[in-house]
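Order of writing sets the chain letters: A, B, C, D and E. Residues in each chain are counted from 1.
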Amino acid sequence: MVVSYTNNLANLKGFGAFWKLLFRWRGSVYKMVWKDMLVYILLYASLSCIYRFGLTDDQKRDFEKVSQHCGHFRNLIPISFVLGFYVSLVVSRWWGMYLSIPWPDTCCILLSTHDSIGRMLRCTVVRYLNLAFVMTFAMVAPGVKKNFPTLQQLVDAGYLTANEREILENMEKKTAVHKTWVPFMWACKTVERARREGRVKDDVTQKTLTDEIIRLRGCCGDILGWDEYNIPLVYTQVVTIAVYSFFLFSVIGEQFLDPMHTDQIIDLYVPVFTLLQFFFYIGWLKVAESLINPFGEDDHDFEFVALVKRHLEMSYLLADPQADEHPNMLQDEYWS
Amino acid sequence: MVVSYTNNLANLKGFGAFWKLLFRWRGSVYKMVWKDMLVYILLYASLSCIYRFGLTDDQKRDFEKVSQHCGHFRNLIPISFVLGFYVSLVVSRWWGMYLSIPWPDTCCILLSTHDSIGRMLRCTVVRYLNLAFVMTFAMVAPGVKKNFPTLQQLVDAGYLTANEREILENMEKKTAVHKTWVPFMWACKTVERARREGRVKDDVTQKTLTDEIIRLRGCCGDILGWDEYNIPLVYTQVVTIAVYSFFLFSVIGEQFLDPMHTDQIIDLYVPVFTLLQFFFYIGWLKVAESLINPFGEDDHDFEFVALVKRHLEMSYLLADPQADEHPNMLQDEYWS
Amino acid sequence: MVVSYTNNLANLKGFGAFWKLLFRWRGSVYKMVWKDMLVYILLYASLSCIYRFGLTDDQKRDFEKVSQHCGHFRNLIPISFVLGFYVSLVVSRWWGMYLSIPWPDTCCILLSTHDSIGRMLRCTVVRYLNLAFVMTFAMVAPGVKKNFPTLQQLVDAGYLTANEREILENMEKKTAVHKTWVPFMWACKTVERARREGRVKDDVTQKTLTDEIIRLRGCCGDILGWDEYNIPLVYTQVVTIAVYSFFLFSVIGEQFLDPMHTDQIIDLYVPVFTLLQFFFYIGWLKVAESLINPFGEDDHDFEFVALVKRHLEMSYLLADPQADEHPNMLQDEYWS
Amino acid sequence: MVVSYTNNLANLKGFGAFWKLLFRWRGSVYKMVWKDMLVYILLYASLSCIYRFGLTDDQKRDFEKVSQHCGHFRNLIPISFVLGFYVSLVVSRWWGMYLSIPWPDTCCILLSTHDSIGRMLRCTVVRYLNLAFVMTFAMVAPGVKKNFPTLQQLVDAGYLTANEREILENMEKKTAVHKTWVPFMWACKTVERARREGRVKDDVTQKTLTDEIIRLRGCCGDILGWDEYNIPLVYTQVVTIAVYSFFLFSVIGEQFLDPMHTDQIIDLYVPVFTLLQFFFYIGWLKVAESLINPFGEDDHDFEFVALVKRHLEMSYLLADPQADEHPNMLQDEYWS
Amino acid sequence: MVVSYTNNLANLKGFGAFWKLLFRWRGSVYKMVWKDMLVYILLYASLSCIYRFGLTDDQKRDFEKVSQHCGHFRNLIPISFVLGFYVSLVVSRWWGMYLSIPWPDTCCILLSTHDSIGRMLRCTVVRYLNLAFVMTFAMVAPGVKKNFPTLQQLVDAGYLTANEREILENMEKKTAVHKTWVPFMWACKTVERARREGRVKDDVTQKTLTDEIIRLRGCCGDILGWDEYNIPLVYTQVVTIAVYSFFLFSVIGEQFLDPMHTDQIIDLYVPVFTLLQFFFYIGWLKVAESLINPFGEDDHDFEFVALVKRHLEMSYLLADPQADEHPNMLQDEYWS
């Protein structure tokens, strides 16, 4: 679920409104970083103990040289730079994915505008749309896939009739391409039938409805596209390897060395700043990790399972209003 | 309220036009930063006093080492880098939010174009649009919510009739999804009724009006989307923690140390540059804080409360012009 | 006026085509920077004289310490970084503003396509459009406001009839919102009247014309939006203060100190590189200053006063062609 | 083929989800970098051996000086900076290319909506679209070109009839411009004929179909445009030369020198960090190399050969459904 | 001409595919940089000779100090930073210009769809479009202007009839605004006439054709806008001056000084790295120089002269197909 925190931010009265954001667990950087942090601390502590208690003096001198050499590594790879560009890319794609989510609301308002279309036709179109959404989401979101692993579950949930399932299964035998667009075709054909029967009264309305259905298919196509053509693996690998190798060697290079034999000023035992640095860079990388595929069920992912339910309810609310639900027309207050 | 300052900038005659901008309080960086600055100064001064008067010589030497160690921290975290990317993202989203604000003006001009639609129908559509705007804004803007906490206030303000309130309340019982789209549906149905009654004379005009209503619903949907899917919490946390921890440790690391025992050149008592640096970075962070959720009532937020009022007035100005308000047609000056 | 210099750049034959651009005054960085530069030089020179001739030796040593301390300030604030992001933002908004400028050309071509609309109706619509442009521009551009401070000037210039002025003034009494959209409403109503009278022969043409008028209103709305919601004051202040305080302290920190008592290599008296640095950073900031509000009358601003005139001429050229101006139809050369 | 790896990322449960991505070969950075890496290692090792075993002591001292001089080169060219901007540009163009790929799905759904168009006309339009796609792809993608080197192969594959091939060949004689748009023209004419014969029942539907065909032509035009106007050669050369010359000199500058005669701390023989740095920068450059022209058959390229096949199958699935494939209309579960 | 090099890149098989790009002259960075490089080398060599052979020992010591002082200049101006942002801006504008180029292809396909429009009307519209393109291009591209300096050349080339030239010349006397939109108006009027005569059979088709003509006018307007409102001169000047002054002072600051009197390690006589740095930065700047105005005839410019020819040929190919060129309709291979 996406963690909404903007209510806290609407009114920034006084000091430290952002501070409140820091004390949250769900969707927080702490929750994402703590496991990596723990491993890092263990590695660091082990090596620190070995250096302090496990080595002879000569070995200590050698270790100090290796450590100082590793300390220079920081300047060799500009991970802040590559992270900045990479996270920018990931965030902009994440928002593109959000914008691709199809919403049936507009189509349902348009359908309900025309009483004469008839309830059965209206409800059928709405059902086809929701069916197509579920089929699309099931292709990208493991959560939806889990709820609807086969067509049978769609029949059980009322998205699909037995007759329609049969048709889809027949198609399956003929061709291997996915069948997600078929419900959109059915929806368009239903609208066309309503036009033929005179329930849709003019060509322009038919076009409006068809255009909206086609637009929704486009959204679903975009969803599939985002999923299939993600950021090239090579980019993700370069960034991940850079960040983790940076910290792998900082375990050695950031050890507190004996101030007697090196130019270190102080020995604090706990490397406060190195841990903060780790927290910062790994946290930044986690921004990318949590957004690169928002179709799952993590804290920052789009809630497709809830969306499926919401789409169904909103569809029927808008497309199938009861007869007594349209208000009477009255002169309003601003009438002169 | 957004602070407009561009009048000062239209004509940059002579030296220092930007300078005038620096002496303003409302919406200024001073107003946003001063509380943090005060806390920082107090912390710094306390520590400085303790160092100068509260410590023994040995403790001073230890403190100097810790301070020098902290001084290196600055190089470990590129806060300028992460702030640059983060603020860019926030500003581009802030502008996206601005562009999502729905304006009824176009729809009202279109309505008023057709006298034959009839005043009552026109005013009803306008009222529905404004109702939908208020309901949307109340979901995101605390200021609007305060004015219209329940449907009753909407009835009192003339946005809703008692009959319509009843319908909305009945829907509330049936489903939990929000009811903000219902007034848009009513508006579309009113247009359709006008078409059926022959007041809207052709299909194309109906489509034009319906398209515009649908577009406004899209804007309202975008507003809700911006509010719900903000910049991931993890990103905001990483940036905030980085900046504040930077300055937390700079309280120690930027102390003026005794030039006798360290390589510091001078002891100015007041850390002018550190304060400027604090001012700069915290100010930059405040740009993000003030724009990340512009739906409140801060200096840089969109004024939804005023917008609600403006929309209502402009709507009736454009959609309900008096009969004598259309000018006569004359040959103009450029006639030959 | 925007300074066009691209003719020089179309053909980059040979060495140093860009060099020619450097020897221009209008719209140049020299013209924008010289006043700040002069003040900077005076400050620097005064301080230099005081240091060299006005201080005792002990005071000199103190000054040298302060100067060296100031010299470190450069590393504390990444002004190149914040300038880079800020200027990018300003340039992209400047181009957005350019794209929002309304051009009546398309609408006039569409009007002139239909002879049957009649000259009076065509000219009236064109006049309304130009009236709306002038009213919009007067709200943002001081130059246009100066030419048309009240409605009377619009009447004098032929944009408005006395009758129309009266209507606008009556509206003024009723509501405080601006009246700039009213001429667009009139234009739409005029088109509708032409349709009712059968001069516009079909619904599709009416829609085309109305859509274009509505689009132009959208452009004007965008212009007002850019003007009202500029880059938040806090961002502009942070950047300006950072740059100027940087150079305020560089006056002290970049002084040539006595090579005998400091580690400076050489004493050149004239700080060539500091001046170049000043020129560079202040020039970069001036890019932002000159583009942040392009509605004035500076070298880089859009020429709204000239645009008003151009729009009027182009409108009548396209919308009101003389009868003998349409060419005869002939077989062309490629007829084969 | 594009390597899809997002399934691994949908649910980031637990520690190190990204880690799994690192152990893949197809489309990985290892596969792209290993050859360059090998050459680099060989160069480095050879030079290292020469320095250690092949030089006299005096030559060693000279070599050490040259090496130290080369070591400063790193600071002279900001390759991380130029790579950041260059890769950003390449990635955004790569996505633009993806968005330009034409999909026939929408057009086929629209065609199949109207049973009355008749199967032959429908299939003919679909065939023309696929023909145009193949002709476009053959112009940019070597893989498709290999399958369809001449018109004859298109005839063999059923995309083209003998009669149509003749027409295209006649055109070839008359003009040199490419003939890829001709099938789109034929498709539009076929739709117009269907309208003339009354199979397409109204003007609006004809417009809808024609608009969609025109849109697909636009996509194909974009594909050709991306191919012809790539990132200017000069930019690519500057970046490539900068990165490779950087590492050419790092072979000398990053040698482990004798700690006795230089200020190096340690002699590790294997330059771990230099290799990591090489891996990082060359990997980053390879991101650009693999995306700059995604029309080939590499791991990250769009699979045009498979796409041609998919388009054909999907087209006929959607545009030519069997009569018994449209479901019956039933009351659905949500019926009250 | 734009230099296309992507054929080399489609399939990156094996090591060093990018390397091939480095050995090209046309459109290469070498071709653009060599003149500046030569001047730089001459300056450097002259100064080097003066230092080595022309100065007394005392003068040498002074020169060394000046040189070392200049050497620090590098750190004062972040030219990589400002170049990165500037080149990004130039490249994005260059692509915007490419996207603004008008293509008549769509309009011609639409025209040819309707046989009944008649060949003469079709050809006239096509001629007007091409006329408008030539007039637009002549305003921005010196190459086209050279071919068509006056209206007479347009008449000679068959773009304009004598009658039309007269009309344009009469207009010229009445108003000073450019006449480039007039052919678009004529084209729209010709379509309207075809509608009036019943050749265009319905309003929707007329709208489709008119919309496309209007869109092409918009493209031409964009072309003129890109040309008139280029990147502000002040930005270009700041960047150019920064880069060239950087290298002007590097001539002094990067001299090899006597290792005996300075801390330089080695004296190589030829400043390999400085030349590489020059090559890199000037090459980067040349990317901007070559793209900032792509309307000329340089290696990276759009080929407007060839485009004019291509547009004409493609227009007549698509809009004026011979009667026997439409294929017969047959059952295709996928018929069952």
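Convention: a residue touches a chain if its C-beta (ideal position, glycine included) is under 8 Å from a C-beta of that chain, and two chains touch if they have at least 3 such contacts.
Everything numeric in this text was worked out from a predicted model, so none of it was measured.
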(request) Find out how few touching-chain steps suffice to connect subunit A with subunit E. (result) 2
(message) Considering only chains that satisfy the touch condition with subunit A, which of them also satisfy it with subunit C?
(response) B
(message) Under the over-half criterion for shared residue numbers, do copies subunit D and subunit E use the same patch or different patches to meet?
(response) different
(request) Just give me the whole-number Å value for how far the CA centre of subunit B lies from that of subunit C. (result) 24
(message) Nearest whole angstrom, what separates the Cα centre of subunit B from the Cα centre of subunit D?
(response) 39
(message) Using the touch definition from the top, which residues of subunit A touch two or more other chains?
(response) 81, 84, 88, 203-204, 290, 316
(message) If every chain is a node and each touching pair gets an edge, what shape is that graph: line, ring, star, complete or other?
(response) ring
(request) Beginning at subunit A, go round the ring through subunit D first and name each chain as you reach it. (result) A, D, E, C, B
(request) Under the touch definition given earlier, write down the residues of subunit E that touch subunit D in their complex. (result) 2-6, 9-19, 21-22, 24, 27-29, 32, 80-81, 84, 87-88, 91, 98, 103, 105-106, 109-110, 112-114, 202-205, 208, 265-266, 268, 273-274, 276-277, 279-280, 283-284, 286-287, 290-291, 300, 310, 313-314, 316-318, 321, 324-335
(message) For the complex, give me every residue of subunit C touching subunit B.
(response) 35-36, 39, 65-66, 68-70, 72-73, 76-78, 81-82, 84-85, 88-89, 120-121, 123-124, 127, 140-142, 158, 161, 163-164, 167, 170-171, 174-177, 179, 181-182, 184-186, 188-192, 203-204, 206-207, 210-211, 214, 217-218, 221, 225, 227-238, 240-242, 245, 249, 285, 289-290, 292-293, 295-298, 301, 312, 316, 320
